[in-house]
Structure formats: C-alpha cells, structure tokens
Amino acid sequence: MIKAGVIGAGGYAGVNLVSLLLRHPEVELKWVVSEEAHKGKKMSELFPHLTDICDLACGTLDDMAKLAKQADVIFLALPHGIALNYVPDILKTGAKVVDLGADYRFNDEAVFKKWYKVEHKDKEVFKSAVFGLPELFKDQIKKAKLIGNPGCYPTASILGAAPLIKQGLVDPSAVMIDAKSGVSGAGRGVKLITLYCERNDGTMAYNVTGHRHMGEVDHILSRLAGGPVATTFVPHLVPQTRGILTTIYGKLKKPAKTAGLMELYKKFYKGQPFVRVYPTPCTKSVWFTNYCDIGVEVNEEKDTVIVTSAIDNLIKGASGQAIQNMNLIFGLDETKGLEQIGVFP
Amino acid sequence: MIKAGVIGAGGYAGVNLVSLLLRHPEVELKWVVSEEAHKGKKMSELFPHLTDICDLACGTLDDMAKLAKQADVIFLALPHGIALNYVPDILKTGAKVVDLGADYRFNDEAVFKKWYKVEHKDKEVFKSAVFGLPELFKDQIKKAKLIGNPGCYPTASILGAAPLIKQGLVDPSAVMIDAKSGVSGAGRGVKLITLYCERNDGTMAYNVTGHRHMGEVDHILSRLAGGPVATTFVPHLVPQTRGILTTIYGKLKKPAKTAGLMELYKKFYKGQPFVRVYPTPCTKSVWFTNYCDIGVEVNEEKDTVIVTSAIDNLIKGASGQAIQNMNLIFGLDETKGLEQIGVFP
Amino acid sequence: MIKAGVIGAGGYAGVNLVSLLLRHPEVELKWVVSEEAHKGKKMSELFPHLTDICDLACGTLDDMAKLAKQADVIFLALPHGIALNYVPDILKTGAKVVDLGADYRFNDEAVFKKWYKVEHKDKEVFKSAVFGLPELFKDQIKKAKLIGNPGCYPTASILGAAPLIKQGLVDPSAVMIDAKSGVSGAGRGVKLITLYCERNDGTMAYNVTGHRHMGEVDHILSRLAGGPVATTFVPHLVPQTRGILTTIYGKLKKPAKTAGLMELYKKFYKGQPFVRVYPTPCTKSVWFTNYCDIGVEVNEEKDTVIVTSAIDNLIKGASGQAIQNMNLIFGLDETKGLEQIGVFP
Amino acid sequence: MIKAGVIGAGGYAGVNLVSLLLRHPEVELKWVVSEEAHKGKKMSELFPHLTDICDLACGTLDDMAKLAKQADVIFLALPHGIALNYVPDILKTGAKVVDLGADYRFNDEAVFKKWYKVEHKDKEVFKSAVFGLPELFKDQIKKAKLIGNPGCYPTASILGAAPLIKQGLVDPSAVMIDAKSGVSGAGRGVKLITLYCERNDGTMAYNVTGHRHMGEVDHILSRLAGGPVATTFVPHLVPQTRGILTTIYGKLKKPAKTAGLMELYKKFYKGQPFVRVYPTPCTKSVWFTNYCDIGVEVNEEKDTVIVTSAIDNLIKGASGQAIQNMNLIFGLDETKGLEQIGVFP
C-alpha cells in the first residue's frame, strides 16, 4: 500500500482528494493537514458527509517535519507561494510530491515570476518539476518525483486546444478561450463573491485580462506548438457548484470540416482513458469523474473552429488528476481509484 | 390611453409583456391571445402570480379579425413563421405592430429565407418593417408602423459590438461571440433539455454553428459596418432562469487601451437611457430591467478587445424592448413603464 | 413628499428598501447609512444594479444626530440590540420610525429579554411600539410613531395561522410550523453556511428548537388567541435566493372541510390588498411583491389542517411591509409604491 | 457473478441503478429495458455521461419472455400498475425480483387498492412480497424472492420515525411529516412542473392531503407500532436536483431530552451501516450515497420532538436500496457496491 498524506485537506480540492484516496485500492491515507483554525479537528467535523468515514484529525504545517517521513506520496493543495517553502524538504525524505497549487507548473522562472510575483529559492527543485497533464506528458510524469498538477482552467483549455495547436491548424495569435466555471473553483474561503445570493442567477466574467491561468495555458500551448501561442483567456463564473466548460475559438489556417476534426481529436486522444470525444459536451456529463469530454465543430462559412471541453474542476481539474499522476509515478494503471461513473442527474 | 393586445400571452415573453403593460401608465391592455389549449382560461390560471391582478381570458388566433380592431398596438410573441400570416391584415386596421418573433427582423428576403426557410407573401409589408433596436435605429422606429423586435441574443450581441464595428476598430472577419443564456430563453414549452434536472449544474453549448440569431447579428452588424461582418456566434445554456451574458472577442486593428475604449463606449451610448457602461457586468445587475450593461477591456499583450454585455433576456431581450419601441412609436418617453429597479439579490 | 432615511442600507433588506423608496411616488429618499466599511461609498458601488439610479453615499451611525432631523421617517435595518440605542433620540426629533430589526416587536419586556438577552433602557419607548403587521393591527399602526416591523418568518407564520388561532379551531398546544427560507434571509455578511457551494442542493433545518422568531410567533399568536399558543417552529434553508414557504400543521378541535376553511380564510382577509387565498402557493408566485399567498387544506381522515403561506422574505418579510406601515402612518393608501407585479419566471 | 437486468433504465432511478450495477464487484449487468421510444438506443445515447461506459442497447417490455431467463435478479423501475403484469411470470423463471415501483410494497390488498386503484391478479405473489427496508426487515429480506422496494419519501420518513413509533414515545394520531424533495423525484418525463424555470426559486407543497406515499408510511409505521399510526404527510418540491429532507414532528407522551433520544436513535440503528445519527443533517451530506442521516431534537418547552432525516432520493430512496436488498438476498455484505463516499460540495 502506498502511504499518502494530504496538505490542505480542509478545502474543496483537498476534501475531494481525501475522498478519492480513501477509496483507492492501493493507497492508505496516513494523515491530513489543514489550516491553523482546523488544528485537531476531525475531517468529519469539517465535512459532515465524512461522518463514520474519516476520523483523521487535522495537523498543521508545523507538523511537516514529522509527517513527511510517514508518507510515500504527499499532495499539497495550497494557495500559491506556500508549497515552495515545504517541497524541497519533503523531497529529501524520498516522498514523491504532487502539488495541486501553482508553484511547480512552470519550468520557466521568468514566466512564473511574471504571473505570481514570487521567487523560488531552490531553483533545482523548481526545474525538476513535471507538468502533470498525463494526456500530453505521460512519459515524463512516470519518471517524476515532483508534479506540478495543472490548474482547473488550464486542464480544460489545454486538452481542448492541444490537437489544433500541435497540428498547427489555427492562427496561434488569435485563440480565444471563453471559460465558464462553477463556484467551487473559488474555494471554501468566505468571500462576498461566492455567497449564494450573489452567485445564484449571476453569470459574469472576472479577471478579464489578467487571470493567472492564462499564463499557464500560453506557457504549455507554446511548448506544444514549438513557438509562441497567445490566447485571450477570459474566465467566467456560472451559477453551479462544479464543472468547467471552455469554449475555444480558433481561426483556421485552411478550410476544414467538422467530421475531419472530430477524427483528428479521436485519434489524438486514442488510448487516453480519460478523454472522450463527442459533440457539445455538458458539464453535467463529467460530474464527479476524471473525464475531459471534448467536442469540436467547424463553422465553414467563417473558417473558424469551435472546441468545447468539459471537466469537473475538482476532479480532473484538481484531485482526480493528482491521483492519475500518482498512479503513473507508482507504476499503477492510471485509472486506478478513478473508475467512478458520473452522477446523473 | 393606448389600447393594446398581446398575442402569445401564455409564454414567458408574453407574460412579461402583459405584466409590464398592466403597469404602464399610458396603456390599457384590452385582450390577450394564446394557444388553443389556453382558450378561455384566465391569465391568473396560467400564471398564479397574476391572481387578483389579471383576469383577462385568453382568446385564440381565430379571434384576430375581431380583436385587431380593438387595439392601437398589437404585440406578437410567436414562433417564427406564424406572425407573417396575420400581420398584413392587422396593419390594415391601422393598428401598430411590434412583432417579438423573427418574421420582420430582416429587410433582406434572401437572408431571412436562408435562416428561416419561410417565404413572405406580402413583400411590401416585409420591407416596411423596422429593426427595433432603439439605441441604433431610433429615428426609423419613431416613424414605423411595424417593428421587428430584436432577438434576445442579438440585442446583447449587437449592442455590445456596435461601437467597435461602427468605428472599424476590429477585424470584421474574426469577431467571436460567446453567449450564455438562462433557461427561460427556450420558452415555456415542455422539453427534455429544459427540465430542471437536466439543466441544473449543466452548462453547455448548443447549435454551435447554426443558431439563427447568428444570421440576425451578422445582418445588422454588416449594416452598421457598411460591409460584411462575420461573427462566430456560439450560444450556451447556463443554469439560471433569466439573463444573457455575451462575451465578445475582437482582434484590434491597431493598439488600444481599456480606458480609451470605455470612453468610446460611454460616448457612443450617451443619452441612451437603457445602456450603462462599467466594468464586467453581471446578469444579476440587469435582472428584471430594460438595461443593457456593457463593459469593455483590452488585452494589450494580445491586441484583443473583450466586451461583456448583460441583459435580461425577457425584458431588454423581448418584452421591455417591445414596450420601448411602442413608446417611441407613440411619441412617449422611451422609458415610460420601464422605470423599475432591478431585483437584487 | 415624505423625506426618508434608511439605516442599514448595505444589507439585503436595506437595499430592497432603498429601491422601493426610490420609486415611491410620495417619498424622497434623503440619506442612507451603512456600516463603517461602507462609509462614503455610493450605493451603486456596493450594488452595481443601482448604477445610474442611486448615487447617495453612505453615512454611518455617527452621523445620526445630524441626519435624524432631515427625515420625516427613518427605517432601521440592523441586527438586534443596536436600534434601541438610537430610536429614543430619533423619536425626539419628531420623525416616525420603522424598525425592521427585532428590538421593538415585543410589548412584553420579559419575553424580549428571554429571546434576545438585551435590556431596553427607555421602557416607555419600548412599550409605545406597535407590531407592524397591518393585516392584524392596522388601526394601531395608523396611530403609531414607532413600528416594530415583523420578522420574515413571523410574517408568513402569523398570517398563515391567524384565522385558525383567532377562531380557536386548532389545539393551541400543538401547532407545528415548518418554515423554508431562501438564503437571503441570512443577510449579506460572509459566512460559511451561506456560500454558494454549501447551500446549492443543500436543504437543512437549523436552530431546530431555539430560533428567536419562535418567540415572536408565539407572542403574537397568543395575543390573538387571548391565551397561550405554543408553536413548534422549525426553520429550514432551501437553495433559492428569496422566498419563504411555511407549512403550518394543526390538530382540528372538530371536523372541518377544505372548502369551509378556504371560505373562512378569504373572509378573514377580505379587504386586505396583500393577502391572496388560493390552493398551494409557491414562493415564486410572490417574488418581488408584498403579497402573502395562503392556501389551506384539511386532511379529513386525520383531522388535521395544513396551511401553506408564501412571501418574499425581503419584501413582505421586510422592506415592503415597512413601506406598507409607513403608508398607513402617513395616511396614504397602503399599497402605494408596492404595486409592482411579481417577476415570473 | 450475479446476472442482472434492469427494466426502466431510461429514467432517473433506472440510470442510477445501471451505474451502480456496472461498478458492483459481484454483478454483471446483462440487459436493460426501457420505453418503446428508446428501443434499440444505447444507454450512452440516452445519457451522454455513460459514453465509453455503457453501450447496452435498450430492449422493451415485449422482450421480457426472452430476457427474464438471462438474469438472476431483475430490477423494475416503472410507474405503478405495470410491474404487476410482469412479475408473476418473471418469478417463474427463478429470478429474484426487486420492484422499485409501488406494486409490491403492501401486504394488504385493501390498502394498496385504496391508494393505487389497481387490482392484483396474482394474490399469492402479491402476498409473498417483502417490504425492502433493510434496517427494519432484514431477516425477511434475506429470504425473499420478491422485494417491494420502498418509495423515496417513505424511506426517509419511516427511518426517521421508527424509533419513536416502535417505542411508543409519541402520540400516534398526530405525527406530522414535512417532506422536501429535489426535483428528480418527479422523474425524467417532460412536464410543466419540472421545467427549470418553474422550479428554480420555487418551493411549494403539492398533493397536500393525498400523496400515495402517505399510505405507505402509515401502513408500515402501523405495523411497527402494532396499532394504527396516522401521519399527516405533506410533500414539497425544493429547487435542487437530488435529496429529500423530512422533518417529522411528534407530540411526546412524556417529557424527554435531546441527549436521551439521540442515544435511543444511535442504539436503534446500531450495526446498520447506512444510518448515521447526528444533529441536523443536510441533503448535501448524503448526496450520491446510500446513507440515511438522522438527527433528533426535543423542544422541551413544547413537549415536542423533531426528527430530520436526509437521503439521496435516487440512491437510498431507490437504486441504492434496491442493491442493498439484492445484496441481502444473495448473501453478500449489504454494503457491497455501495461504498462510494458522498460528493461534496
């Protein structure tokens, strides 16, 4: 059994990670860490749905020196700029690390600093991290010790755009990504903007020109393209708990047809257990699963291509993908512990 | 008092029209017409919230010969292809007509036929219709006898894009419009796709390349531009009752800044009582009002401009705009009967 | 014109009050007061839907000495225990007061203290307050200088139960009131329990045996009965923004029939413009209105009576009722400024 | 492996059953049957979330003669009055039957007829059926060939009330059950009342005095009490997809305290893996699980007891309970295939 620890277990991504790990047939969850205010509290106190299921009490980051040694793999689900203070020491214990935050998603320090305004002290560790999007970087992930687990928006955006970008089918300077997210993406912290009454019936864009995930999307798509890709990424909040739908607009370099691109996408993702290609996916169809469902369509009159991709932001966009990465690192089938069927309706 | 009649009063747009007309200080609602199944039923039976408020019983289209004579203005809220059978006769009675359906939104028969596959028998009447978007065509509306009231998506899309298009600031062949609509846009007819359990938590695109409103948007924007504008318009359903948010993406022909474009928009809509310009509007802020709220932002690094526009699809996108048009035709202040403040939260 | 001021304008009840007052034909809104953090902010900054509509800047409670003199009527929408520090001084200026909080809803000091643990310094003012439920206490309200505006739950509960209680039709020791409220009842303060993701799909009871509104309901129903009425009042949260539905269960003292009780209710509320009696009302039917819709049904086999009553908690349960009270005090028609038709769907 | 067939797979209960059976380690799902309109369609066509997961094509009831022989257990999820035409023949093949409809929930023909107005031809089969509520009738279930799977409301209501009723702690003639259900309880058929726009923000009671589940609740509680129990059961719709919360009100025969009753409940359900007892459960805490969470509280001043119980209406209220029953019949651990942790948030 793989011994696992979760840091940030009191948040929405964290609790989903805990739930998945508890049912993972090859994993034993050894400990959980959360913020100071949760110290000593049982997971079931923070989350009543875990009553009779998880009585682990929360430690804090102060316990890390001790806890790190008790785990083969450690997941961190923290705001950016915190993990980087702990990861180098954790790695020294020999434990593998999957960081669900932003600290290890970039190989390029300048890009990281541009978007996050934080400096890494241990550059070597920073550079050793692998971007944990298995459908694109599986081989590297298998050999990695440290994974920068992709953000929720980038997961849906990059998987949706990758076939077009890699094949060079669209103008790389004019990719528009309109991303719609459920409210859970904003976390469990209390804020005016995530109150029920503020969000119910309230669809809106936010961070229209400066969302950090745009940096992540551009960085990875540029790697895939072998040249600069500049997306206009605009995130939106829609009134639902979970789920991201991205709608990606590209100008085709030469005419194409829907059927042809559907084939291209199916071929591109052949053998990837968590990508399904079919027309106009809905966030509801991937709920509580690790799937990314993708549809692609050509507007022949306008020579534009429209891709829609749907994920559960807390599973494929966070906890599920983290476990998929862990599976790969430990040589397990990547679907292990992630076979659940979506909840419908 | 202006005597008014409403055809299609049993639908969501219709009942909003009825409510607004009942409180309009210069209007007397004389009769309502709905589908065969509603014949003889009181509005308050179809809509319990109208108990003690509206006891008008529904007539049917069979009563039109008689009813048309009893009204100074007649509103039609019908699926496309029906109004065109009644409007020519109605106009002969001298009544003014505001058609909330699609039959009279196009001056160009070929375009109408391309998108709606229906033929107008009375070409003259067809050509006499005025597109009822007051912020752009107020002078024509004032003199009109027949208004083609804009669709909900086109209202938000055209108002959002007009300043850019008219000033020629963006590439007219690459405007992307990502429109998100509440479920009421699909009407009160019972369909699987509009069931609560299918839509709750279910954001999705639909009619990705063939929504008829794309034809309407392109038609009007091309008129504004004085040359072809080709938008890629993709409608989406989001889990809320009312409200449309459109996010419009344009490639700037030359660099611009957010502040400059905000000024441009404010100037463009100066004196228009129902357009408000401020950053990142939310559907909730226009709820139950006739406002179209618009924000504009430039991504300088990408040379793209992003406009978001929010309307209540049943008010500014249908019934409220119809009344605004009626006000203009009858020489009233265009805000008459539309002064209500939005519901929040 | 009646000059009005609103204290607590930054909350959900407050902003609804402001909106209604702004459209009231006999009122001029002179000033608004909110919490320290809102000092100097315009209402439209706190609430974007008020853009171009209300540019009043928020004062604070520190300004009261000055502001009180500039108003004929002052509305307070504050947590309990605060208004009582200001009301006696306000009254001295001659202004009428409608307190939407709990401080002046009880004539009986012992009962107030039992539920709110606060002491009134000025007993005389406390005793002069009138419980502002116009359907039951209209004559007193007309003569009042100080109104204790009923709580949202008590409004729906008391109006629903009053006819049964006053006629002595049910066992007064076994009235069960199951109240379901939208989330806005909990206010605009940020709390874990009112986050979108915690409440969406989350129906639950809370304060099962100790909600303060139970004290208010029992106090008033006992006054009506002329003897002790002991309700078991259980509040619930349901995932919607606005609306309260109460379901009231009574054991009939002697057999009755639905039709008879429907008649009784219609007669009881005859002439009351804001009560409508018809079967099984829905929260949606009273949305954004000052109505209380009531249905009553007898389960003959069980000798029980079931009443359901629906209100908009922020209108009839707060701001609308406050204005209804103001209208009565100032000799206006009680429906003035409250004629809006509900929003549907 | 147990070979299973599902009839009614095109509905919400049916598709949940299919999903759970597909992941049940001891079951092989052999076939699915749905309505005529679904004939030949793959499950993944009816439900996109089953893409790549379930390609079984739907048969119809006409295929039953052939299909019945291919299964060890057959689940029926049909409107009442249909199953009874098929079950006697199915039983002759030796297959076990779990009927999720109402046809086999009553041992008493008069009671069944009173509520459902249908006659059973094969009285023997009717009488052999066991009410499939494992927490109360486990021994009988283990030996059963035919299970009448409880309704969703009765599951939550009976489990919530059973300890009080069995111990005779409350007046059996005055139990009030206020049940709040998500919209999925009304099924996937298209109806005005289940449209998104009609239900969003729309809490209401329905079938206030005549819901059939009241008959089921009374029938079973009376069996438990050994004498007549007469509940006043009132169902409500709340705007959420899944989940039932029942609030049960009882008049205590003699004083009791919350702590004592909590103990009683814990003891009563000791060893039952799917009942959790803790204060004020929320529908969200049991989402997508087979749990019934129960809280109990005493209002000492009023001598009333309030129980709240929460289930997922489609799992513990339908498909999950059906599988729990199957597990018991086939000698498996009753939790087999039902170990999933709830989805939160």
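Letters A, B, C and D mark the chains as written, and numbering starts fresh at 1 in each.
Here is the rule we go by: a residue touches a chain if its C-beta (ideal position, glycine included) is under 8 Å from a C-beta of that chain, and two chains touch if they have at least 3 such contacts.
Please read all numbers here as calculations on a predicted model, not as lab measurements.
Visitor: If we look at chain B and chain C, which chains touch each of them?
Guide: Of all the chains present, those in contact with both chain B and chain C are A, D.
Visitor: If you average the Cα atoms per chain, which one ends up farthest from chain C?
Guide: The most remote chain is A.
Visitor: Using CA atoms for the superposition, what rotation angle relates chain C to chain D, in steps of 5 degrees?
Guide: 180
Visitor: Between chain C and chain D, what's the gap in Å when you average each chain's C-alpha atoms?
Guide: 39
Visitor: Hey, how far is the Cα centre of chain A from the one of chain D, in Å?
Guide: 37
Visitor: Cα centroid separation between chain A and chain C, in whole Å?
Guide: Those two chain centres are 46 Å apart.
Visitor: Two or more other chains in contact with one residue: find those residues in chain B.
Guide: Residue numbers touching two or more other chains: 12, 182, 184, 188, 197-198, 200-201, 239-242, 281-282, 284, 287, 345.
Visitor: Applying the document's contact rule, which stretches of chain D touch chain A when the two form their complex?
Guide: 12, 15-16, 19, 22-23, 47-53, 184, 188, 241-242, 276, 278, 281-282, 284-289, 293, 339-345
Visitor: Give every residue of chain B touching chain A within the complex, in rising order.
Guide: Those residues of chain B that touch chain A are 173-174, 176, 178, 180, 182, 197-198, 200-206, 208-209, 230-232, 234, 236, 238-243, 245, 247, 249, 251, 258, 280-284, 287, 295, 297-302, 304, 306, 308, 310, 345.
Visitor: Residues of chain B touching chain D in their complex?
Guide: Residue list for chain B touching chain D: 12, 182-184, 188, 190-192, 194-201, 239-241.
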